Each structure stands twice: as structure tokens, then as C-alpha cells.
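Chain naming follows the written order as A, B, C and D, and within any one chain the residues start at number 1.
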Amino acid sequence: MLRMTIGPTRIAPSVLAKTAIHPLAINDPEFLKVFAECTRDMRTVHGIEKGLVYIIPATGTMAMEMLAVSFAPPRSKVAVFSSGMWGDRWTESCRRMGLDVSRISVNARGPIDYGVLAETVAREGIKTIFCTQVDSSSGLLLDLYEIGRIAKKNGAMLLVDGICGAGCEKMDQDGWGVDVLLSSTPKAMGVPCGLVMISTNDRATDFLKNRPWEPWTFALDLKPWTSVMEAHNKGQFGYVQSPAGNLVMALQEGLRLITNEGVGPRTARHERLRKELHAGLEKLGLEVLVKDPAYRSNGVTVILYPEGKDASLLGQLLANNLTLPGGTHPEYGPRTFRIGHFGNVTPEDISTTLSVLEKTLKGSSAA
Amino acid sequence: MLRMTIGPTRIAPSVLAKTAIHPLAINDPEFLKVFAECTRDMRTVHGIEKGLVYIIPATGTMAMEMLAVSFAPPRSKVAVFSSGMWGDRWTESCRRMGLDVSRISVNARGPIDYGVLAETVAREGIKTIFCTQVDSSSGLLLDLYEIGRIAKKNGAMLLVDGICGAGCEKMDQDGWGVDVLLSSTPKAMGVPCGLVMISTNDRATDFLKNRPWEPWTFALDLKPWTSVMEAHNKGQFGYVQSPAGNLVMALQEGLRLITNEGVGPRTARHERLRKELHAGLEKLGLEVLVKDPAYRSNGVTVILYPEGKDASLLGQLLANNLTLPGGTHPEYGPRTFRIGHFGNVTPEDISTTLSVLEKTLKGSSAA
Amino acid sequence: MLRMTIGPTRIAPSVLAKTAIHPLAINDPEFLKVFAECTRDMRTVHGIEKGLVYIIPATGTMAMEMLAVSFAPPRSKVAVFSSGMWGDRWTESCRRMGLDVSRISVNARGPIDYGVLAETVAREGIKTIFCTQVDSSSGLLLDLYEIGRIAKKNGAMLLVDGICGAGCEKMDQDGWGVDVLLSSTPKAMGVPCGLVMISTNDRATDFLKNRPWEPWTFALDLKPWTSVMEAHNKGQFGYVQSPAGNLVMALQEGLRLITNEGVGPRTARHERLRKELHAGLEKLGLEVLVKDPAYRSNGVTVILYPEGKDASLLGQLLANNLTLPGGTHPEYGPRTFRIGHFGNVTPEDISTTLSVLEKTLKGSSAA
Amino acid sequence: MLRMTIGPTRIAPSVLAKTAIHPLAINDPEFLKVFAECTRDMRTVHGIEKGLVYIIPATGTMAMEMLAVSFAPPRSKVAVFSSGMWGDRWTESCRRMGLDVSRISVNARGPIDYGVLAETVAREGIKTIFCTQVDSSSGLLLDLYEIGRIAKKNGAMLLVDGICGAGCEKMDQDGWGVDVLLSSTPKAMGVPCGLVMISTNDRATDFLKNRPWEPWTFALDLKPWTSVMEAHNKGQFGYVQSPAGNLVMALQEGLRLITNEGVGPRTARHERLRKELHAGLEKLGLEVLVKDPAYRSNGVTVILYPEGKDASLLGQLLANNLTLPGGTHPEYGPRTFRIGHFGNVTPEDISTTLSVLEKTLKGSSAA
């Protein structure tokens, strides 16, 4: 069975092995070293030199909310630049907590109109911008350089969900002016699910420390973690909520594999695999949701069902030993299926995926 | 090195082995079966027949807040019956989210005055009661039967943090009338950190479903998980936030070990170990914070430093290959140290702990 | 100078005289009698037999927020059916307090599409509906019978701002199933500004009394006023916030004048004056914003500036001793001006208004 | 009937006469002049040269909440220095809106321990302090100079409810460093109930304008009034919520009377009357709640019932044509009654009050 899922993705044996090491005491100097190594390597993956890296046991949704509660002043105006379900979820979180959200819908098929964002942010005086670099429901890749420019021009803080990008897309937090960047383990990082990684630049860290208001939550407030992470950086123990030791050990190994491969080469590898996949899809007459290759992500491809097909295709693929996830986009969901091709995916996985697709489509159209 | 910590506790090899199994796809029928087994066994551990069990990747603090945001009507009156830092943390979470909290302080040394709780709840018309069965900063064991009676008499909902109790104390959610019971993996359950387990009785589940208001948060709202868990119970897939597959596999094995041992025998074993430990401590002239054995928990013992000793004792113990955590109680913290003796602790661990303590105390007093 | 303003409108001399009576002590039995008379007559004006009437010193905006904070469960879904700036303001208040608002825009020129409201309420499961019977920025009259039917069908609570309707439009709170009806003194009631009157039917009063949650505010919560008003109804004193005695005395006299005229005849008189005015406007070639007379309110008329005219017309009218207010509608504001013709307006006021308008329009077009 | 009430107090005939003047249109240049005169004179009464004066139709409770929602950052730490029911009410408002309130109880009988406030503010890092200059339930006068020093030392903002002080106590907003000062019409100002006056110094005005967060409320937010008041100061019309015209006219005359008398002489007159009253009470063997005259307010006296007397005394006084209000202090309420002696009270009122008290006490003790 070949699983081309969005997450959890294939995990390397050495990472699994480290997951099974007995966790150390949370204040064991050895464990603090592991933590320090993880934060060091996360800087490389996120493209940030200074600032702070947080490693926290939580789901992606909890982490997204953590960013919103920690950085957006209560009931202030915020923009969510959304190309799919994750942007929409961020919007819902913002709405629940009482923020004045401008949800700016991005065409999931591209092209991306950054002008609407620029105009809204300027007109409304918005000082907090949220966006999802790659929304796994659309497979669309945002250009964070463009969004960073808009944020800078308007003195706004930029908070990015890079969960589907970290480890397979170019990441330049410093260069783009991303104030807060979030990623997670079970996508292109190839590490078991359960941890989120958040990096804040100096502006964002200072904001947290000097914030005059408090959020409605203690559990999801990033602020009390700040001194913990600063302590760790000095090899000292700090405590606010317990770390998930086994997952941190796994992350350490996952990051070692990534930095060994090199972030640049790893991104390039993902790009090659994506292009191979898309060339193959085109040959099979399958249409990728995102029209222009310039806007396509390296890790997730959303595909329109061909004429006459629907979700029953996924069951036929399964019978041919290929697991593909269905669509989840608020608009295109029922008309699409998806291929996850990040992390430890190989060229053979791509060719197998294409050949099973070909066989299944022919077989079923013959029937 | 013997580690008698509060968490993470010693993990059985078979549990660690399962942690390293490659996670299945989140909608794989095999994975849904694992989930169903976990929820079945959690019912046994929590002492609840009907109702719903939730398994969620989160920290204990996040789970505590989840209970508060999901069940306490906005700005309503709530009581927190607190014997230490975890009750105080719950108080802080309640305060942040705008609840009208009556924090009722429990004497960490005992005896426990349930009358103050009864009186406050009746006088203030409180309809939501939070308590920590065993606060790891005090080692005090609350009698949930008594608190359940107070809740019932006042028509209040009772939400219990059983993190330090599940797996080593008697648990009778149904019998006691606990509406919502929370536990976590890395204490007496002997499973890696990262998951919380929440069981709701029918009254609590109905409350969630019919709640006219929404909480401030999407990420920490238990309500959207309800249909997911109900789907799992029918062997169907549901999605709201991604599960942490490796930890769920580990939980399955951890629960198998617990139900194999039997919840009753396991509790009895913890009680025996606790009594052996306390007898030994008495011989050494060490005073347990909780005076009356009737109020002492089976898993955590908080001990007052003997005359002339302070936290430097922990370093001396470490030099003798025994790791013990320091005190964390808001009042007694600096004057106490702790022993964690739950999960896979053996009689040999108890005797070693006592002998190292004896040796170290003598040695240092000799010095 | 003839002032055809939206508020404050012309106040009868007997009402002004009562405004100047020295206020009694707030617990004086005489004052409680005045209060009782006011609530009795307000029932007649609002068309409600049972339930409770509240008389509170506040602005209309504060009262609108009072309704929203007191009756809409926190973060619940609510609908605002808005034809202008007051509906929009209610939307903003709802948004600020964190409600999940569906703002349903009503075409200010008519016709009114109640179907969109019905559909939204049903689809979203909305249980709280807000609407402004007559929005003073549009002059459009909603049919509360239709909206009441939608509310009933969906088990929703209906809260109506009747500030521009009470005293000049048909009011049948009981018959229409309006749960909460708000009005204010300085419009068709012809009483000085400063008081709001709120009537709740039994369902709404019970809702308040049994509400499990508390709003974010004490000052704007209607609940603590409930026992005060119930005490007043029994001739007993109750206190939560101080009444504005002089304005209550004025209200008593204002209500006496209204009930003496009779609510039916008073409404009929307003209708006649409105028709005379509109006939005259048509002769002058002036276009009323609301196209169909069936949707026009009896008290406020919004008029499009004729070709070639703009807000400078208002200055010219002023020079001819006629004060008319400018437009305030979010969309049509700059293109419209307004005539207030409720309360103590006479047929002569209507004819003078028309003749000054004629003279001014001719004069200025001649120039 | 002599009414020595706390509010509404006796209103001068010229003020009542102005109450009955027909209100002008809200944008009438004449009306804007009245407004400008009121704000000019309020500066004199409040002792502030620069900054902004707001005149708003609302109750005192609404105004107190206005200050809290507008100036205290969400969920931030605030202190309420409370000597009675109004401080407690402010605490409740703060609690409802989710602030982290330290309620510092002031001994209603004096002396006042400013040290506890200083210590709490410093220890907790509190940046917002609320206090009631004179709480009408205790009659205790706070020394705002002392509290201003504490605020300055800690960089905290000081917000004062001066409702029972404005017009009868020394007021030096600038000199004391009070950032926001609130007063109301129906106490020592001798103007009908329904308006509140708020003055903000430049620091507070700037804070409002640059506040990054928004409060939960639109109706009680002071911010949108800022541009309205700034427009009025330039003789221009601005609108956010309608003013209560009749009350503003009355306020103009009330302020004219105060500034004619002179704020200094007026305060001195109140002091003389208070001392006469207290000397008389002492002769009658009646004990004032506030022990030390240095802490007694000029406008409200709270008196302990003499041995053997209770609230039935008030009915006996009423039978002798003297209306006195009962006690309202949370602790001393049932054991006290009160005399209001501010505004247009005369020396004859004081002597009559004393003689009726004497007669009634003797008569009833004789009976």
C-alpha cells in the first residue's frame, strides 16, 4: 500500500527509532541539549537568525489560535488572506475571540491578487495579517515576499502558518519580514504528529514581552513560554507546560536528516518531484486545481476529478493499493482529490502513483 | 540513575515499542479500531459505562482550559477547590476567560473541609465546580464522593482533573457523579506525554450539544470533537483536528497493560507501595506534607525538608543516582521535595529510594 | 424658524412644564405612582398586555446594546436585518461583543425581501434576530408581522428597535410576537431626550431571569432592572441605577397626551400628514428614497436631491427659515436630505415645509 | 417636607426654568455655544486646564463602566480602592469585563491606609487605578493627592469617580495627576439627573486615540466621542450619540451658578455646613461613621443608629417632615442612615435637620 497522504507522511526509520527512546526527566541537562539542538535547526528550516523558537505540544489549530490570541490586540482589526479551509479556520478562531476580521478570499485556482490585501489593510488600518503559506485544501503557494512588503508598508505584523511549507518550500522569515512563523511535524518535516514549532523575530518577541493586555487564555498564551525558551537557550531549565519528550527526540533526528540533506537541496528535490508528478498528471489528462505552475506548492497537489468521476475513484485506487485523500476545500472539496508528496517521498513513489492512477482511470472507464 | 519523577514516569518497553510503529492514515480502518479500543479501556480506567471518551493531543493545561471554556457559561459563577498549583492554574484560566471564580483553598496538609465548598456553592448559587483529585504540588487526595454529593445537591456540574489519579487511585466517575473527568498519559498510565483523555457522562454530553452560547475559542472547544468521537465509536472516520497517531498506538498498549493487571489490583499495588514508602520515610524521621494517611495520594508524596536541609539535598541525591523533583506548591514549595511513585514503579524502586535517602541524609549530616 | 428634524422633535408646552417640576426623592410614593402610570401607558403605546416595561436613562445606542448583551448568548449566531445606519450600528455593537453576526442588508429603496432573512435564519440556525422598524437614515418601514412569523417559525427571539415608530406607527408587540421592543422619547413621543423604554414579553422576561450566563457588562445588563421594575409594579421601591426624575415626569405628561389622542387616531393622523407631504413632494418633482408608498414610514422621509442640487440646499432652506437634516444612510447619505414629520407636527407645518421647499428650489434654479 | 437626600438634591429655580426651554436642533450653532460654555465651566469645577471634557447622557454606573472599558487594557491588572458600594460596583464591572481586579478595601470608618494600595500596585505591576473620591455609602473622603503620587510613581493611570465631590470638595485634577475625572449632575452640582461629565488630561486623551485594542462595546466606548467633543470645542457639529438637550441647558445654568459663587467659596461653604451639622450630631450623641473629621466628606454624612434604634427611625423622621435616606454600605448599611448636605443646602436646612432629629429621638425614646 502506497500512502500519498497530507499527514502523517512517511517517517524515516531513524526518526521512529528515536521516538521510542525512553524520555528523560524534563529538567535533565541531556534533554535541554536536545531541545537546544532542535531550536538551532529550526532556525535553519525557518530562515531566521535571531529571535526565539518555541517547541510546544499542540495541534496545528491550537497553534494557529495561539498566534491570534498572543499577538492581535483584543477586538482589533485583522486580515486573514485565505485560500482554503485553514485560512477559514483561522478566520473562525479570530471571530470567536472577538477580533474584527477581514477575511480576504484568495482564488484557489490562482492567480493571486495581492492588491486586494494591500488595499484592505491600508483602508482599514489593519495592523495584524494572518496567512497560510500553502493551504492543504488548495495546494496554492502564497508569495510571502509580496505579503511581507504589504505588512511592512502598513506597519502591520505578519503571522504565517507555514505548516505545509516548512521542509519543502523556500523559507526566509528574516528576508520576507515574517514576524511569526508556525510549522508542524507531520508534513514535510517527516516527524510524528504532536508538536508545533513557532519562531518569532525580535519585533514579535518584544511585542509579547511589552503587551499591555492579556489574552482570554492562559493555556494558549505564548507569552509565558518566552522565559522558558530563553532559559533553554542558556542551557537552563524553565517550566510552564510539560514538553512531549518522545516527540522532541524524534524532532531532533528529523531535523538532523533535514539539515544533513540541506534545506536548499531538499527544497529543490521537492520541486523536481512536483514537476514530475504534474507532467505525469497532464499526460493522463488530469487537471491540477491551481492553474499556473508558478503558484503550485511543492508538497500538496489538488486535482479536479475528470469528467464522469467522483469520490468513488478513491476507493478504486485503494483497491489498487494507493491511498489518496479526498478534497477539503470549502468550494472545490467534493470535486477534487489530493496527493501529498512531501517529506520522504521518492521518485518511485511518484511514478507508482502515476501508473496506478493511469491503470485505475483506464480500468474504470473501460468498465 | 533511578528517576522517581512525577512525569514522565517509567514507560514499559512494549509501550515504547508501539510508539515507534509507523502511524497509519488517520482514516485507516485499522487506526479507527485502535481508537475504539483506547476509548473502551479508558471507560474502565475512569469508571464510566455510558457517555463519551475523547482522546486529544494537548497538554494538561490546555485540557483544563478546554473543560472550562466548554462547560462554564460565560461570566457565570464557578468554584475551584484547590489544594495547590494546578487548582490555582485552573483559577487563573477561569479568571482570564472572564468567569466569576470562587477559589476555595484547601489546606494542603489536610484535613479537607468540604463544608466550605458546600456552603460557598449553595450561597453563591454556583453551577460549575472544578477540582483536582490529586494536586501534584500537595499530594493531597480529594474525596470525590463528597464533592459529587455537593454538586448533586446544588444541581452543579462537576469537572475533575484526575491526571495524577487515573491508573493509581480508585476512579468511579458514574458512582461519584463526576460529569467530566480528565486524565493524561505520562503519570500513572505510563504512556509518553502528549495526549489527554476526557470522559463526559450523558448530562455533560447533552450540555455540550445543546449549549446556546459558544466559547471564545475554536481550538479548545470540546464541542466539535463530539461528532468525531461519536463517529469513531461507530467505526467511522470523523475529523476536526489531527490525532497524534504514534501516541495513540502507545496509549493502546499502555491501556492493555493496565486492564491486564486490572484496575482494582493496580490501585491496590499503588496503595501498598505508598504505605511501604511512607513507613520508610517515617523511620528516617521525614515528615510527609499531608499529615493524615487517609488524605494521601497513591502516586505523589510531598515531603518537608528535615531541619537544616534545603533544595541542595536534591543535588546530593542526584550524585547518589536518585532523581527527585523539588516542591511546586505555592506556599510549601521551597520547603518541600517530592517523590513520584506511580505507574511502573516496583517495590525495589521504593527500597532503593529509601536507602539512598538514608545514606544521603546521614552522609550530608555527617559532613 | 420651522424645524422638521428627526429629533428632538417639537415638545408640547405641558410636557416642558412638567420637565421643570422639582424631582421627588427616588423612593417617594408619589414618584413611584408616576413611574407606574408611565409603564401602564407604555404598554398601550407598544401594544403589549403582559410582560414588563423598563424605563431607563440612556441613549438609544446604549439601549440597543443593552438588548444585545442581555439576550444574545455569548458568541451565538444572530441576524441583524438592516436598512441603514442604525442597523449597521447594531451590527457593530454585536461584532464588538463577539457575537457571530449575519448582517442582512435591506434595500433602502424597497421592496423588502423577507425571504433572505428567513433563509439565513433557517440555514444558520439563528436564534436571535435584531431589526430596526424604521431606520431614520432610510425612512423604510419593516413589516414586523412578517419578521415575527420568521422568528416564530425558527424558534428565534425577536428584538426590535421601534425608536422611530413608537407613537406614529402601528405597534402590536403581542400580535406580532416581538419579544423585546425598544423605544425612546425624543421622536414621535414628543418628550425630551434622555430616556429609553423597553418592553419584554413573558418569554423574554423568563429568558432574562433564567439566563445561565452573564454579559460582559453590569451597567448595560437589563437583568438587574427586572426586580426594580417588578417592585415598582407593586408600588414598592427598588434600586439599581438612579432614574432621571425630571424626564420621567415629562414622559408621564407626554404619554397622557398620546393616550388622550388615542394610539389609533394618532397613527392615522401621522399617516394623513405623511401622505399630504408625499403628494406635495411629488408635485415638486422630488423623489422619495423609498419608492413604494407601502414601505414608507409615517415619521421620517428621506428625499433624493434633485438633479443639480446637493447639501448646499439645506443652507438655502435655513435662510428661508426651514431646518431640515441631511442624509445619514451609509450608501445614500450624501445624495439625500430628510424631513422629520412625527410627534406634534401640524398640517400647517407640512404645507409650510412644502412651500419653502418650492420657493427655495425655484429661487435657486432661477439664480 | 425637608429632603436631605443624596440625589437628586435641591435644584435652583433658574436651573429648573432652563430645563423647560425647548431644546434646539442638535447641530444648531446656539446649542453648540451652550455646549462650549458647559465644557469651559466644567474645567473650572474639575480643576483642569487642558485636556478634553465630555458631556454624555448616561447613569453614573454606565459612566464608571465607560472609564473601565475605554482605558483598562483587556484582562490587564487593575486596582479598585473601595470604601463602599460604588467601589464595589466598579469592581463588579471590571470583573464582568474580564479585568484582573485587585479590590483594595478601605476601612469605611478611617483612617485610610494608602500604603496597601501603593504596595499592591507596585507588587502586581498594576497600571490602572480606579477610586471613588467620596463613596456615598461611607461618606469617607479619599486624599487624591496621595493616590495621584502612587499612580505617578508606578506609571499607572488614575481614574476617579468624583460624583459626590464635584461642586463641594476641592478638585485639582491637574495638580493631583488624575488622568480621568468623572462627575454627575444630581449631587453637589444641583442639576437634574441624566448627564455625566468626564474630563481627560492629555495623557488620557492620547491613550484613547492611540489605543491598539478596542473594547467590547461601542455604546460605552469614550473613543468615538473624542472627535465630537473636539469638534464642539471648535464650534463645529459632531455626532455619535444624541445629547440630552434639556439637561444640557440645565447644566449650563447650574454651572453658571457654581462659577458665580466661585468654586473655592462654594467648597468653603460646604465645609462650614458640614462642620455645623457634625457639631450638632455630636451634641445629640450621634456617631458619624467616619471617625476622624479629616476624612469626612463635605456632602454626605453616614451616621450609626444610636443604641436601640434602627431603620424605623427614618419613618418617624418622615412623619416629622424630614426625609433621610437609609444606609447602603455593604458592611455598615443596616446599622446606618445618611444625610445629604450638598448643593443648594442652607444653614437653615442644617438646623432644621438637627432639631427634627433631636425631637424625634427624644419623642421616640420617651414613647
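Note that in this section contacts are C-beta pairs under 8 Å (C-beta built on N, C-alpha and C of every residue); 3 or more make two chains touch, one makes a residue touch a chain.
Predicted, not measured: the structure shown is a model, and the values here were computed from it.
Graph distance from chain A to chain C, where chains that touch are one step apart, equals 1. Ranking every chain by how far its Cα centroid lies from the centroid of chain D, the top place goes to A. Once the centre of each chain is set as its mean CA position, chain A and chain D turn out to be 56 Å apart. The mean-CA centres of chain A and chain B are about 32 angstrom from one another, to the nearest whole unit.
In chain D, the residues that reach two or more other chains under the touch definition are 75, 96-98, 100, 214-216. Taken pairwise by the contact criterion, the protein chains are fully connected, each one touching every other.
Here chain D touches chain C in the complex through residues 3, 5, 7-8, 10-11, 16-17, 19-23, 25-28, 56-62, 64-65, 89, 92-93, 96-98, 186, 192-194, 214-220, 241-247, 323, 325, going by the rule given at the top. Per the touch definition, chain B reaches chain D in the complex via residues 75, 95-98, 100. If you check the complex, the residues on chain C that touch chain B are 73-76, 98, 100, 127, 212-216.
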